[in-house]
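We just call them A, B, C and D in the order they show up, numbering each chain from 1.
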Amino acid sequence: MIELDGLTKRFGNKVAVDDLSCRVRPGMVTGFLGPNGAGKSTTMRMMLDLDNPTSGSVRIDGKHYRELREPLKHIGALLEAKAMHGGRSAYNNLLCLAQSNRIPASRVSHVLDMVGLGAVAKKKSKGFSLGMGQRLGIAAALLGDPEILMFDEPVNGLDPEGIHWIRNLMKALAAEGRTIFVSSHLMSEMALTADHLIVIGQGRLLADTSMADFIHENSRSFVRMRSPQQERLRDVLHGAGIVAAETGDGALEIDGAAPEALGELAAGHGIVLHELSSQRASLEEAFMQMTAGAVEYHAHSEREGAQPPPVGPHWGDRWTGQAGAGSGDGPKGA
Amino acid sequence: MIEAVGLTKRYGAKTAVHNLSFQVRPGAVTGFLGPNGSGKSTTMRMMLGLDRPTSGHVTIGGHAFRSLPNAPRQVGALLDAKAVHGGRSARNHLLCLAQLAGIPAARVDEVLGVVGLQDVAKRRSKGFSLGMGQRLGIAAALLGDPQVLLFDEPVNGLDPEGILWVRNLMKRLASEGRTVFVSSHLMSEMAVTADHLIVIGRGQLLSDMSVKDFISANSADFARVRVSTDRPEGREKLTASLTEAGGRVMPEADGALRVTGLGLPRISDLAHAAEVRLWELSPHQASLEEAYMRMTQAAVDYRSTADAKAGLQPPPGYGAPGLPGHVAPPPPEVPQQGWYAPPPPGQNPYAAPAAPHGPVPAAGTAPAAPADPTTRETSEDPR
Amino acid sequence: MTTPATPPPQAPGQPFQQPQQGLGGPAGTYASPIPVRSPGLGDAIASEWTKIRSVRSTMWTLGVMIVLLLAVGLLSAFAVGASDAELEDTPVLSLGFFGVLLGSICVITLGVLTISSEYGTGMIRTTLTACPSRSRVLIAKSVVFFLLTFSITAVTTGIVGLLQTAMLGGATPGGDDWLRATVGVALYVATLGLLSLAVGALVRHSAGAITLMIAVVLLPLVLAMFMFSPSLADLQQALLEYSIPSQLAAFYDASVTPSGPSGWEPLWIVLGVTAVAMTGAFASLDRRDV
Amino acid sequence: MASVSAVLNSEWTKIRTVASTTWTLISAFVVTVAMGAALSALLNAQFDDLPAAEQATFDPTFVSFSGMVLGQLAMVVFGVLVVGTEYSSGMIRTSLAAVPQRGSFLFSKIAVAGALALVVGLATSFVTFFLSQALLGEHGTDIGAENVLRAVFGGGVYMGLIAVFSMGVAAMLRSSMLSLGILMPFFFLVSQILSAVPGAKSVARYFPDRAGSKIMQVLPDAMNSDPAPYGPWGGLGIMVLWVVAALIGGYLVLRKRDA
């Protein structure tokens, strides 16, 4: 259990984390979401007592991090993949950590095998790829077999096999009753892994809910129906007072009705259905909706880019009429 | 157009890339997939003339990269987001690249705007987060407004907003008729971005086909059917009639049926004939991830194993009675057989099918189909 | 080393072409609206100049070098002036020698860093992607670095020399003395920097290359100190004469040994060595994987 | 508090598993011994050419330690790297997550590295002493002579303290490059040059290396050096004060600043 109480961090004038209070509970995977620059990393660093909070506090099982006797046995963390001395072998990097917390050396080889680095344990970590570095960082987090685990972007650089592995690992660890706290930008991963979500934006808590509630509250769900008797279906729905929207590909979308009821309705009128599926927006959409106002680095392009954008010179206008003017001519309105 | 012919690269005794031949066509986003250590980065470096092939060659538009006239105006690449001198500001970094390529300085401010870094353009890139570094790398690739673009893991470190932006950017670049070549480990991203896939494993070509073909060649789609609970015998009746019609039916935990081998209209007709009322009839496309995992199974270099916790007594506090999942959770390993077994969709209600507006269902967010034991024989590993 | 294979440069006066398809390349289906211009060595030089001026550590290194040249040169003049020691036949300008020797360490560091920092950060891959011609990159780096260090050294040594002659009377240096103590020294130091740049390109590791170059500068003198045996006397003599500090001293007619290179000879020696190293650096850049 | 012995054990692993430890310590040893031996041999050959004042204050023990001018630089590099690489590699965050008590972490690290530097320093000073005395021949001295053992022992302590001082400075500056960029020119140039400039002399003699190196002189004002207002032990005391100040500064920085 991790408790955050009024956690605040200021860097000069800039408030990175603003009065954040929440709890991370055991027995589930808690996802930690927020746009770049929302204060996720700062929060995680304050949890590990690497940054000093301007005010507020973090408690790990009721204790301040500095009061933990052998912290690796309570909390394991992966903050950045390459936070190891490159000139030291993977084994020795972990051995230093193990010894400082009186973890037997046999455990080091063990976690290295577990993350799939057994074969390169004696190699200097300098030559590791991002994915291997990530595995080494995960091994370090697992070293003390702690009851709390924190992962910052664990799938960065991992290949699909690794992503699949870490996903199942986190679920299994949570199922054993541990507290798993994981930040990620990959909504599709989060949707598969997390049970609970804590969302922050510009340092403030935006949401602290279960995954199901989060998606439910932040996106619309609807039922899609497809039938060879489209006209009749629409009439029947209309007759029942149900509003159906038509999509481009010949399906009907109905908001706010249960699929069971719609199935019964269609069957009652003898309408053949080729599809009757309840649709819910993805976590990604729900997240985008919630954090729309809290994004710091906006790229310059239209947000709803699902339809193919116009083909043609999109940024070239200012170049075509400008023969010979090469430099010093700042872009207008960039 | 990128063309590799018999491309081979050896480092001492280790062969990183072996006899690789493929073409990357313009007007489409081509995904480049493979496990860690399969030679993806080496291949991309050879494309850019950074590594010399031991044998074979790779050309861009008919020229080897190093003999390309005006290369930076024809090829843009993002290889490593952090390959930047940290002491230099973002703007100066791009400026020296622009000057090197004879690109007007005004273009620098333009691409900074395109990637959303205009407010931090004067800051030293040392302090950039991974996501900002990635944007800077993308800006460098776009600088020459080139015909061919190579991206190595472009969404690494980006936030969802940035991921969406990159996704749309690549589609737009391709729709303008450019050649876009993207390597990534994120199958859910690839599924919504790429049109074509090139898959390598252990330095060899495993597959070169469109995303659609790839998924259907390496996995099976299925339909999820739920019947009215008013008449419980309907379920058995429907199962019998579906099986008779040649479909395979598997029950799911929440009472739904998983049907493979029959189209949705056919299932609907059969249900109608059996006088069973349907409460759900939804199509499920197998995910790209599943298809990919099937194909590359044998070509993975760093494989994780289960945690046996040797030498450690688990500290007290977890695994206490009464906690959910206390009853022996499956070890998080990837066994050799039956290795892909995500929870049945019914247990994972949030992972509902994808964005309704997306051109392709976001495979990663859709409940991935479990490896159907009956289809395993048909979708044999290519080797 | 010639300018790399690029299409013939555009006629001067109309540097930009209208955007067109397939400029010397494939019949692409996308044409950029941005005017296409074939980059040349001039662009690469502009780029390298941006690289050098936009990094603070470069400016620091150069600043330290100027301070060393000025401070050590003036301090030694001050010390000589204060001690009332007779200058005898020691040329006044030679008091700048110690500053230049220390300053040359800065030049070596900068020369190595000019190229090895690109390897350290991975920037080299971006650079070579933007300009696949290795020779153009190497030449541009060399030109910018050489001109920069040469002008700074020449100006600073000139100022130090003027101040020294103003502070101490002594024999008035002749025109040739002045030329060698400023332009000659600057040429020598800048060429030494080029040698470091070439070594940096060969070694590709900042600390390693700097250590190697400092060893090249200092080790011959240290080794010579250890050669007591008469059988090694010739070697000891050669090491003393051809060590870089004594070559540098030759520009001030203050060489530690009576024989050995004198006048402008050290410059030709270092130029020869640098040419060989540069050829090696180019071959390495051209052949080896980045 | 995490168990101090466990942290010491971990720090020892850290030190012994990086190549830079071996290289810096070996070069400290080799450079000091080789230069001391070379200078001893040279002086033995040219003793009669020395100025009278130097002949009168000839201190064979101090001569054998002349290699320390360079050897101490290797010790500086060792000390800086022990602390600085934690920062440059990002390992500091992993380390502090494992040992959140800043005091135990920093002082265990410095204790282990300082002890190692002291052992290497003592070995260096004894080896260089005996080798140099052998080479000095008739001008040499004996370990049993008055104050000689103190000087030789002090030479080892000096090297250890230089390393610890560098660790403190690196902990304050949190960067290897910056620490080396300040310490190397300081010990190699600034301190040497200032102690030769008339006005600055009286200040420069309180610098850590100037004051500390007094312990290596058997005769006061050996080799015609400038007289100092403190004795050998007083000099070492001044150096220890510098070291303590650097350590306190390093500890405060580690405690206050975000990692």
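Operating definition for what follows: a residue touches a chain if its C-beta (ideal position, glycine included) is under 8 Å from a C-beta of that chain, and two chains touch if they have at least 3 such contacts.
Because the structure is a prediction, the values reported are computed rather than measured.
Seen from the Cα centre of chain D, the chain whose own Cα centre is farthest off is B. When the C-beta pairs in contact are tallied for B-C and for A-D, the bigger tally goes to B-C. As a whole-number value, the distance joining the C-alpha centres of chain B and chain C reads 49 Å. Centroid to centroid, with C-alpha atoms defining each point, chain A and chain D lie 51 Å apart.
Averaging Cα coordinates per chain places chain C and chain D 34 Å apart. For chain A, residues that reach two or more other chains under the stated contact definition are 315-316, 326. Multi-chain contact residues, meaning those touching two or more other chains, occur in chain B at positions 104, 145, 176-177. Of all residues in chain D, none touches 2 or more other chains.
Within the complex formed with chain A, the chain B residues making contact are 33-37, 41, 104-106, 109-110, 112-120, 129-132, 135, 145, 153, 155-165, 167-169, 171-172, 175-177, 185-189, 224, 226, 228, 264-265, 268-269, 272, 277-283, 289, 292-293, 296, 300, 302-312, 314-315, 317-320, 323-326, 329-334, 340, 342, 348-359, 362, 364-365. Interface of chain B with chain C (complex): residues 1, 26-27, 45, 48-52, 60-63, 65-75, 77, 79-80, 82-89, 92-93, 95-104, 107, 140, 143-148, 176-178. Chain A meets chain D in the complex at residues 45, 48-52, 65-66, 68-72, 75, 77, 79-80, 82-89, 92-93, 95-102, 140. On the side of chain C, the complex with chain B involves touching residues 5-7, 23-26, 28-40, 43-44, 46-48, 50-51, 54-57, 117-118, 121-123, 125-133, 137, 287, 289-290.
Put simply, chain A touches chain B in their complex at residues 26-27, 34-37, 41, 61, 73-74, 103-104, 106-107, 110-111, 113-117, 119, 129-132, 135, 142, 144-147, 153, 155-165, 168-178, 185-189, 191-192, 211-212, 215, 221-222, 224, 226, 228, 253, 259-260, 263-264, 267, 272-285, 287-288, 291, 295, 297-303, 305-306, 308-309, 311-312, 314-316, 318, 325-331, 334.
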